[in-house]
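Heads up, there are several structures right after this.
Consider the two complexes below, in which subunit A is the common component and subunit B and subunit C are the respective partners.
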Partner chain A sequence: MQTSSEEKLPRKLEKPGRASRIRALRKSLVPWFFISPFLILFLVFNAFPLGFSIFLSFQEWNPVAGLNSMKFVGFKNYLSAVDDPWLWKSIYNTVWLAFAANIPQHLIAIPIAYLLVASLKGTVRHLYTATMFVPFITSTVAVSLIFFTIYSANTGILNQWLLALSTMPFIGGLFSWVPDVMPIRWLGKSDLLKPAIAFVVVWKYTGFNIVIYSAGFLTISKDLYDAAKVDGCNAWQQFWYVALPMIRPFIFFAVTLSIIGSLQLFEEPYVLTSGNSGGVGQAGLTASYYLYLVGWEWLEMGQAAAISWILFLFIAVVTSVHFYFNGRKGLEGNQ
Partner chain B sequence: MKKSLIALATSASLFATGAIAGDIRFDGWPDLDSHLDTVIPLFEAKNADVKINYQMNDHGDHHKKLTTNMATGTGAGDVVAIDVGFVGSFINGGGFENLSGEKYGANDLKTEFVDYAWTQGKGLDGNQYGIPYDIGPGVMYYRTDVLGGVDGDIDQVITDWDSYIEYGKKLKEKGIFLIADAGDVAKTIVFTTVEPGNGTYFDKDGNSLVTSERFVTAFETAKRIRDAGLDGQIGSWTNEWYAGFKEGTVATQLSGAWLLGHLQNWMAPDTSGKWAVSNLPDGIFGSWGGGFLAIPTQAENKAEAWEFIKYLTASEEAQISALKTIGAFPVLKSTYADAAFDEPIEFLGGQKARLLFAEVANNISAVEPQKGDLIAEDVVMSGALTEVLNDGKDVMAALKDAERLLMRRVK
Partner chain C sequence: MSSVTLKNLSKSFGTVKVLHDLNLDIEEGEFVALVGPSGCGKSTLLRIIAGLDNATSGDIWMNDKWVNDFSPRERNIAMVFQSYALYPHMTVEENIGFNLRISGLSKADIKSRVSEATDILDLGQLLDRKPSQLSGGQRQRVAMGRALVRNPDAFLFDEPLSNLDAKLRVQMREEIKRLHQKVRTTSIYVTHDQIEAMTLADRIIIMHAGRIQQMGTPTELYKNPANVFVAGFIGSPSMNFLHGQIQTNQGKAQVLLPSGATIDFIDRGNLPADGRVVVGIRPEHLEFATAENRDNVFEGKVDLIEPTGAQNHLKISVNDQTLTLVDTSLRELNIDDTIRIHIPVEKVHVFPHSE
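This part shows the complex of A and B:
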């Protein structure tokens, strides 16, 4: 009897013990199960590729030869990237385009958004904003193809307009130089290619910034303007001393997006140069374009992975500089 | 990079299923599907146990997909088409069946094919990996009405590059361009006058040829045409290019036999009868494009795939059918005696152009594809050439810069 009761006792204790442990385990696992769709997608499509590309950047790999053909080469890919003239050229182009395409975007968007908010009401304003937003939601490839035709030297509408302007009665004098330089090869000269690309970017993204800034101007309380008016501010002073400082967080947000976006610029230059290794003199070769060229056209995946990490470092440095100088003020905003 | 790895992962999962036993899949790009629609029923009638389907992607995507298939070792078709521009990079990677091996015995077919095309399908180890299925014998297309307008004689025009340029000067007075893009002349010279035993950009030992006489002559000839204002600076495959053909503002175009199909079907159908073809200027023979068929080592039904490749390339029936349906010029020499070759071609004013194409095909000398060709083409023939032509960079300086870039990548 004693032995059996002794046997029973631990069994009784053990039974609820195991069950509760399972229950506890299940309890702690259930949340993981519920977030697993995200986790799986994140691991497969974000974490793994990220890790794999670090690994890849130390290998020499021609993808066509299969996974087994990878060869460890240490830092060779990084070292050869550092003295790669096309990489530096592409980074220079990227920075050039970042400035040339972004500064006009914001200089145009801020006043337009201000005027829209100040002078138009409700539906009309929404109509205008929506119209200006359309370029942003149009496919980049489609936009770039249209601009490719617009820029066409002999048949493009841009050159035809310039010619027409030169024969107009009053302003013709301003454009008298046009017939002498025709046809202007917007995409066929290395010094015209970058401005041509920058213009497409400006056209496409200004509307997006107008939307952001309109939202910003709408947050400003009417009382502030009224107080300014009482103090004798004219319209310009209301804009410069009241409205503009108030939308600082919005400027910070829009500029951050612009910086990241322009450092990843790919489709516009790719389509406008017909995918032809960056156009004349590689003037349209941006960093991500070059990355694509090395990896997919030249089949040097290891080198491409190394370049992508160099590009990552570069973006990180640029955005942290931007955050350091503008972040505090930008994020403080109205408070 | 992240994007490409995602692409790699997705395509791996998408195509992981592969072909079912007995079925073979053909991977290629349009218009091959039109050709296959005609010949698959003929082949299946003879081989009742084999079922063939195909997967077409556009030219660029097809080669990108094939790259991911090779990288991951899964998802490629049993028979894959490879463009001549990619064949050197692909077949030397080791992912394709050695068709010279005992299982296939491709070497027995060698004599039946146009020599240069056969050589292009060889790997660096001397074995056959790709079997050519079509070729693009190079010719000069010219407008007969334009030529008549200046009382020109075509044989005189194509004597050498000087006489060709002289013709251009006469045309300029009438406001007609000699050629759409002077760069085509440079490409023609570079690709067609390769010294025996050399590759296009490298010699046998992998030394660069980029600053050699051939490249200098090519670039300088193109520059002469550009500087004299004889070309339209019009890129290929743009609306301006098609407009030039339609309106007769461009007098000549150097290209492959396949351009004929494009011209008469959609680029400039209304200009029928106003065109003719001749040999390339300066007595050179060259080719524009061409396609190869290969079997990936990952394929499941290799024996059937090989039978189908043999049917597509080494049977007169399939080769002539391709000529008729998609204008792909045959690579099988015995077809040149076919009646189809004697047919006058209406678009070319009744010229028996196929005889000329065949003559050109037999005279082209082989250039073996090499590993660095893809990089070299980007760096030299798009990069350096446009800098010389569009930006006025010095020829030798441009070639030296290109060579330096090239060698630090290829070595």
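This part shows the complex of A and C:
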């Protein structure tokens, strides 16, 4: 057969006219129109404050005194922040809490999620998961206030329980030391304050991680467990050799969220120390908490902006280290 | 190697019974294919033999040992899954050697056994790759390697080729057959593809609705199907079926069709008392009538021509019934041509209508 494609081509190719240029322009503008709600909000509430905080970090400014009180001070805010022992203390506390609160969260969440997925089905599993998720959606301030009363030295239920345990028939011996140290001031002693805060964080966020890990375990095909059984794996080996490596991307994701979250830890320590300069010996002073004190209690906005940028740098470094060592493997886990 | 015996095996999911009192003997070294349409219970049966599911009642014997309570590991079986079920986070080498590692073999032993298996399957170049870096055929081979490496008593295959393209499927089919001829390990192969079953198996078990319909060699099943289901399932294109009533005319057994036409057949017994039957004729046994043909000759009109290269499949309308005919002579025909077809009397199958 012969093709007649040449004959079908237009005899004369005309350049696009004005109308078609306008049409092309409109076509290229339409997508911008549709994403403009986000763009406008982003520019006003994200991009501008970001730029403004850089500008601010080179100024001395008391917001109460108005915009005219702004004074350019160069790198002074950064230099004094670096010299500030409270800043370093707050960073130390933040890192301490990040480890103490994160590691248990994941060590508890992974096996619980596995057991939920492996042993329960449908509605029952959802019910359990939802129950464990409740702390996460409860107001942090409310949770912290309740724990504040639980930790109370004289009337708190925690100390009462410990006392009760010390009088129990069989296990009482293990708690025989309790009456001698009563009242234990959980929030009033610098060495107990951090663990007390860490426990609240673990209690609040473990449920969230259980949900993430449950989703992870649910993605694993049943065939893989069957293959593992045929390969001779017992229940523990199925978990260790098959399930755990398979949820690596989920572990990576959950740990990243935990790292970022714990470096921004504010509400729990703030409420548990009654907003009182980070509690006894600043043992509960986290970096965000300190930032708040500098900016809103002491009204040194320039200094606060400089600290926030130092904090940003710190979070960026920590997250990069995490990405460098775990990211590639983590993201590749399912491949 | 091991023989497998099932006695009165049943399986129910809740109130739904999916396997009904199955009895089965698989000889040592035999290659058996379990065939049937989707949902007939063949995969469930395989999983019960593997020890991945429990039977509701009945007994499973392997090598004369009662294994109902045995784990897959204790049964020493290896299984190849439809999805291959390779561990995505392990390399080919780790995948194949995993069960040896779980068994506590030394690293050197694992390495040598893995390399033996990979040599047989030609996987030597791929040992360091992850499953995601392999093609479908290569993954399939790794799955085979994983089964092969442990010298199991029985191989269980759960539709292992259904995720491959047609060409690769034929190639892997040959490899599986060669492998079985080499190692002669008892193999149970589940498939819904009758060609796969016919080409691979020493013996085929046809299942339907949780019941075994017929067992036998591929040729037996093709030549002497026990019922309409088996007759329709084995053979491609499938058998032509016509309903009718048996009668005897001048000493000849005949089936009277609703149109008034009759088909002669050879009475092999087992005919129903009420005389209602289904006549089955394989499309490849229908032929163009010649001048010598006297009986079983019908006139029909060509409805449709499906060329497949080596043969044409013709749909022929005869007395308001459509019959399929396989024409290997590739005769030049047009739609609506009138032709005369002949049904050889010895090729006519007759089944009781109740089925």
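In the analysis below, the second predicted complex is superposed on the first by the 303 of 335 C-alpha atoms of A that agree within 3 Å, B and C clash if a C-alpha of one lies under 4 Å from a C-alpha of the other, contacts with A are read in each partner's own complex, and residues count from 1 in each chain.
Operating definition for what follows: a contact is a pair of C-beta atoms (placed from the backbone, for glycine too) under 8 Å apart; a residue touches a chain by one contact, two chains touch by 3 or more.
Predicted, not measured: the structure shown is a model, and the values here were computed from it.
**Student:** Identify whether subunit B and subunit C fit side by side or clash on subunit A in the overlaid structures.
**Tutor:** fit
**Student:** Based on the superposed arrangement, let me know which partner A:51 touches: subunit B (first), subunit C (second), both, or neither?
**Tutor:** neither
**Student:** Pick one for A:231: touches subunit B only (first), subunit C only (second), both, or neither.
**Tutor:** A:231 sits against subunit C, while subunit B stays out of touch.
**Student:** Name the chain, either subunit B or subunit C, that contacts more residues of subunit A.
**Tutor:** B
**Student:** Of the partners subunit B and subunit C, which touch A:152 in the superposed model: first, second, both, neither?
**Tutor:** first
**Student:** Per the contact definition in the header, classify A:85: touching subunit B only (first), subunit C only (second), both, or neither.
**Tutor:** Only subunit B; A:85 stays clear of subunit C.
**Student:** Output check: A:295 vs subunit B and subunit C. Expected answer is one of first, second, both, neither. What do you get?
**Tutor:** A:295 sits against subunit B, while subunit C stays out of touch.
**Student:** State whether A:172 touches subunit B only (first), subunit C only (second), both chains, or neither.
**Tutor:** Once the two structures are laid over each other on A, A:172 reaches no partner at all.
**Student:** If you take every C-alpha pair with one atom in subunit B and one in subunit C, what is the shortest distance in Å after superposing?
**Tutor:** Superposed on chain A, the two chains' closest C-alpha atoms are separated by 41 Å.
**Student:** Looking at the complex, which residues from subunit C come into contact with subunit A?
**Tutor:** 47, 50-52, 71-73, 77-79, 81-83, 85-89, 98-99, 102-103, 130, 132, 146
**Student:** If you look only at subunit B, which of its residues touch subunit A in the complex?
**Tutor:** 1-2, 4-6, 9, 64, 66-68, 70-73, 89-90, 93-95, 232-235, 237-240, 243, 374-375, 378-379, 382-383, 386-387, 390-391, 393, 405, 408-409
**Student:** Inside the complex, what are the residues of subunit A that reach subunit B?
**Tutor:** My answer: residues 44-46, 48-50, 52-53, 56, 62-67, 69, 80, 83-86, 148-149, 152-155, 185, 188-190, 274, 276-282, 291-293, 295-301, 304-305, 308.
**Student:** Within the complex, which stretch of subunit A touches subunit C?
**Tutor:** For this pair, the touching residues of subunit A are 221, 223-224, 226-233, 237, 241-242, 245-246, 248, 333-335.
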